[in-house]
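Next up, some structures in structure tokens.
The same chain A turns up in both complexes below, where it pairs with chain B and then with chain C.
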Partner chain A sequence: MSQIYRKQLVFVLTAIVAIIMVMSYFFTYEGITPITNQIQTWALIIQLIAIGIGAISLIRVHYRTIQRRVPGRWFLSAWLLIFFPLLTLIGLVNLATGTMNPFYDWVFTNVYVQGGQTMYAITGFYIFSAAYRAFRARTWDAALLLIAGCIVMLTNAPIGEVIWSGFPVIGTWLLNYGQVPAMRTFLITAALGLIAFGFRALLGKEMGFYGGGME
Partner chain B sequence: MAIISEGTLIGFALLVLAFVLFYLLMYLARTGYKISARTFPAVVALPEAVGRAAEMGKPIYYTTGLGPTTLNDPLNGLQILAGISILGYVTRLAVKSGVKVFYYTPVPDSLPLVEETMRTAYLAEGKPEEFDTNLINFAADQDSSLTASLGFIQREKPASSILLGGFYYESVVLGEAGNIVGALQIGGTANTHQMPFMVATCDYMLLSEELYAASATIAGDPDVLGSLKGEDILKMIILLILVIGALLSVAGVNTIIDILGI
Partner chain C sequence: MSSGILGKITNIDRRILYWILFVVLAVPFISPIGLPVFVTPTSQAMYNSLNSLKKGDVVVLGINFGVSAWSECLPGSIACVKMVVRKEAKLIVFGMGTTDVAITWNEIMSKIPAFGAGTYKEGDDYAFFGFLPIQETTINLMATNFRQVFTKDTKGHLTDDIPMMKNFNGAKDCKLVLSSDTGDVGDYFIRYWQVPFKVAVGWIGIAMNASTGMTYIRSGNLVGLLSGVRGGAEMEKLIGEPGSATTNMDSISTSHLLVVIAVIIANVAYLATRRKA
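Let's turn to the complex of A and B:
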């Protein structure tokens, strides 16, 4: 099948599925329910197939890295290729116990959790650094952000109310009447953008995510 | 028996209104009605980001978000697709300039789509042999796996970092990592909880619906410009309803609230 027909097929299928799903949400016609259930099951199966393809692609990439002995990376790829099938195999062999399998549990608790927490802690420094960057009063806007941020911090920290009882009042006002309307504005515009994006996808006008298409 | 599901009538009416408006304006745009759309500075900065990378001989870091999600996710799925659309454009620019774009994702079901998009971009620029699947990096969606991206940014010091898609807390960490290495940063998300962090850390930003429109405005397609105009008209209608509803509500009349079923 030519590339053009493949693309057309994708758009036609997208449009049909989208129309059925929208109809099922708004209309009470019972005959549509089995169809939408079936579509959702297909979507799940297709998603799982895509995950399978992703896994195969991952193995291929890391196999090639080992084959080429890429400096500084090949041994990490080897590590992945050892643990990937090992944990899959354990999961398959111990379907009854699943994640409660002693070996799986040991690896998870003593390797994954420990390593994960160590690495997660590193990201904390970036958050501090970013907060400093955001709160530098270089402009009037940034100064306002700094003042508002300090008041909200003092609202949430018990010491704020001890210093001055007005901090929680101003902080709560900023959160409820300063932040909420702005956030709702963004939510409404995002929803409109989403509808427009969906409509363009429905008509086959939004094709950038399928192999480019921005001619 | 009611044909429309309970409580969805107004939503359905607004959706139909939106679709009719979009279609009408798309039709008008196609038939010559001039629609001007503002340019997004973040979109204009994309070639600059690629050019900077070409001049410095450094790669580009690109991600559509590193949080736990899938393409089926109603909040992040379409944002990721919008990010992948722009990835296609950026990759084509990068191929022309001989720059490598390294893409990071934790979304397994998006991998085949990304591979197809990048492969097609190389093909479109006449350099299919240069495409390498090593450019697409899969990192697990746990917080700790974020360090894979941080490691890349620290080691390779990309000239530009592009963060367009559905983001969670990683936006602040990646944004700061890019700042530390002096990368030109372009961010964009419709997740309201992450916008302030992106504004603080990125040089250019696509806010909210701009993310969905960005990929389309690049092409300057009249259909897309028509739908953008439709969005603006809908915003005005919603604003009008909000103002009238608020004024009536203050006066003790709840008609609009009752109609909308709030």
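Let's turn to the complex of A and C:
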């Protein structure tokens, strides 16, 4: 009985949902819309539950890190375990009163916003260092890529046009015509691959989709 | 001797590179250059779409980027919302990319005087619905049944009670979608709003989105594309209100030029040492 629940029932449910969703997209039969809306609402609810489970999992992982005193990490986990419930509580108070708590606002504006932007900005330094070290014309292909990359960079920067008015012309051509066929090929093949994967999953040939381990 | 110098150039300490970049980025903020920004066709197309809006048209703004991408996506989003306000169109705002959608929306409103002055009113002119996860399913569901996804706005007003939402229940009631994101949300709007319902979709993305966005521009699925901070600066120029993107363009110029020069120097040194070897 448990095998039926673990295997066949999952297959059947997945197949039914997939067929309904595919039909609703490709056929204009209005009668199916309420069913698809309901399925999508369930998916939304499941996802929201997953966020809650994710929060519990996060607390457990960081609690273990503190318990084991993992060098260089445990105190960061401690920070998380202090601020996580604190901000959750303040958020719940906000929800009840419908007002923005000044402390909550302060933390977001002065810690979260600044931290987030700094993290993103730092990648610019890594990219610069990586471009200097790794962007080498080792082959003719690499040389072509390098030249195209430099032209597109100078197209994006106003100084490129000041140096030579041809940079934006060539750069725009590369963006409009040079890369579009390759990107279009990539998107279409990826979509075809996804369709093939979907069929394989429905036929039970992709076990990873069902959580794996089902023989 | 020369190979020693070339070797040093190719293996320069990364800390020196970081300091050079830091100085090159900082100088334009101390002494602005003010180089002109030319407008690309994709930004012009986005402006034209916004400019064709009529009073009362409904525009959907999807804020699907976090604070980390403010530097790239925020200026373009602000400039587009300014146009929506200027055209007296209605605005529906929500986010599915990151949970910090509320703080981003507050930042957009703080940069547009009409929100602070109360001339563009919540409920009558705009509605904010906050964050929901599971992007693709949510966008698909919203296309046909907006009320099933968002029953209330973030202040607890029932969607049915919000005056501007009375005649809105999905994609068919929408004139333009502005998808501001760092990932795939623009794709989902194209898939579930543009293709079945022919809703115009404009994309405000990070510079990296340009390659995907151009594909959709060429196929006619996107009406416009603002690519990164450059796109934001172009839109600021088009609406005649220079902002943070315009300020940042000088640093974009110096840093991009630095990267190109550095790559050329590194390659000259690399080719010279390889020839000797």
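FYI, the second predicted complex is superposed on the first by the 170 of 215 C-alpha atoms of A that agree within 3 Å, B and C clash if a C-alpha of one lies under 4 Å from a C-alpha of the other, contacts with A are read in each partner's own complex, and residues count from 1 in each chain.
Please note the rule applied: a residue touches a chain if its C-beta (ideal position, glycine included) is under 8 Å from a C-beta of that chain, and two chains touch if they have at least 3 such contacts.
Keep in mind the model is a prediction, meaning the values are calculated, not measured.
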| item | value |
| --- | --- |
| Which superposed partner A:M183 touches (first chain B, second chain C, both, neither) | both |
| Which superposed partner A:Q117 touches (first chain B, second chain C, both, neither) | both |
| Which superposed partner A:T65 touches (first chain B, second chain C, both, neither) | first |
| Partner chain(s) touched by A:M153 [first = chain B, second = chain C, both, neither] | second |
| Partner chain in contact with A:Y29 - chain B first, chain C second, else both or neither | first |
| Touching partner for A:S129 - first (chain B), second (chain C), both, neither | both |
| Which superposed partner A:I82 touches (first chain B, second chain C, both, neither) | neither |
| Partner chain in contact with A:A43 - chain B first, chain C second, else both or neither | both |
| Residues on chain A lying within both footprints (that of chain B and that of chain C) | 25, 43, 47, 51, 116-117, 119-120, 129, 133, 183, 187 |
| Touching residues on chain C, where the partner in the complex is chain A | 12, 14, 17-18, 21-22, 35-38, 40-41, 66-71, 100, 103, 132-134, 137-138, 140-141, 144-145, 148-149, 155-156, 196, 207, 210-212, 214-215, 218-219, 227-228, 230, 249, 252-260, 262-264, 266-267, 270-271 |
| Partner chain B, residues of chain A touching it in the complex | 22, 25-29, 43, 47, 50-51, 53-55, 57-58, 60-61, 64-65, 115-120, 122-123, 126-127, 129-130, 133-134, 183, 186-190, 192-200, 203, 205-206, 208-215 |
| Chain B residues within the chain A interface of the complex | 1-5, 8, 11-12, 15, 18-19, 22-23, 26, 70-72, 78, 81-82, 84-86, 88-89, 91-92, 108-113, 115-117, 119-121, 124, 133-134, 136, 138, 142-147, 150, 169, 172-173, 175-177, 179-180, 190, 192, 195-197, 200-201, 207-213, 215-216, 218-219, 221, 223-224, 227-228, 230-231, 234-235, 238 |
| Chain A residues within the chain C interface of the complex | 25, 33, 37, 40-41, 43-44, 47-48, 51, 98, 108-109, 112-113, 116-117, 119-121, 124-125, 128-129, 131-133, 135-137, 146, 150, 153-154, 156-162, 168, 172, 175-176, 179-180, 183-184, 187 |
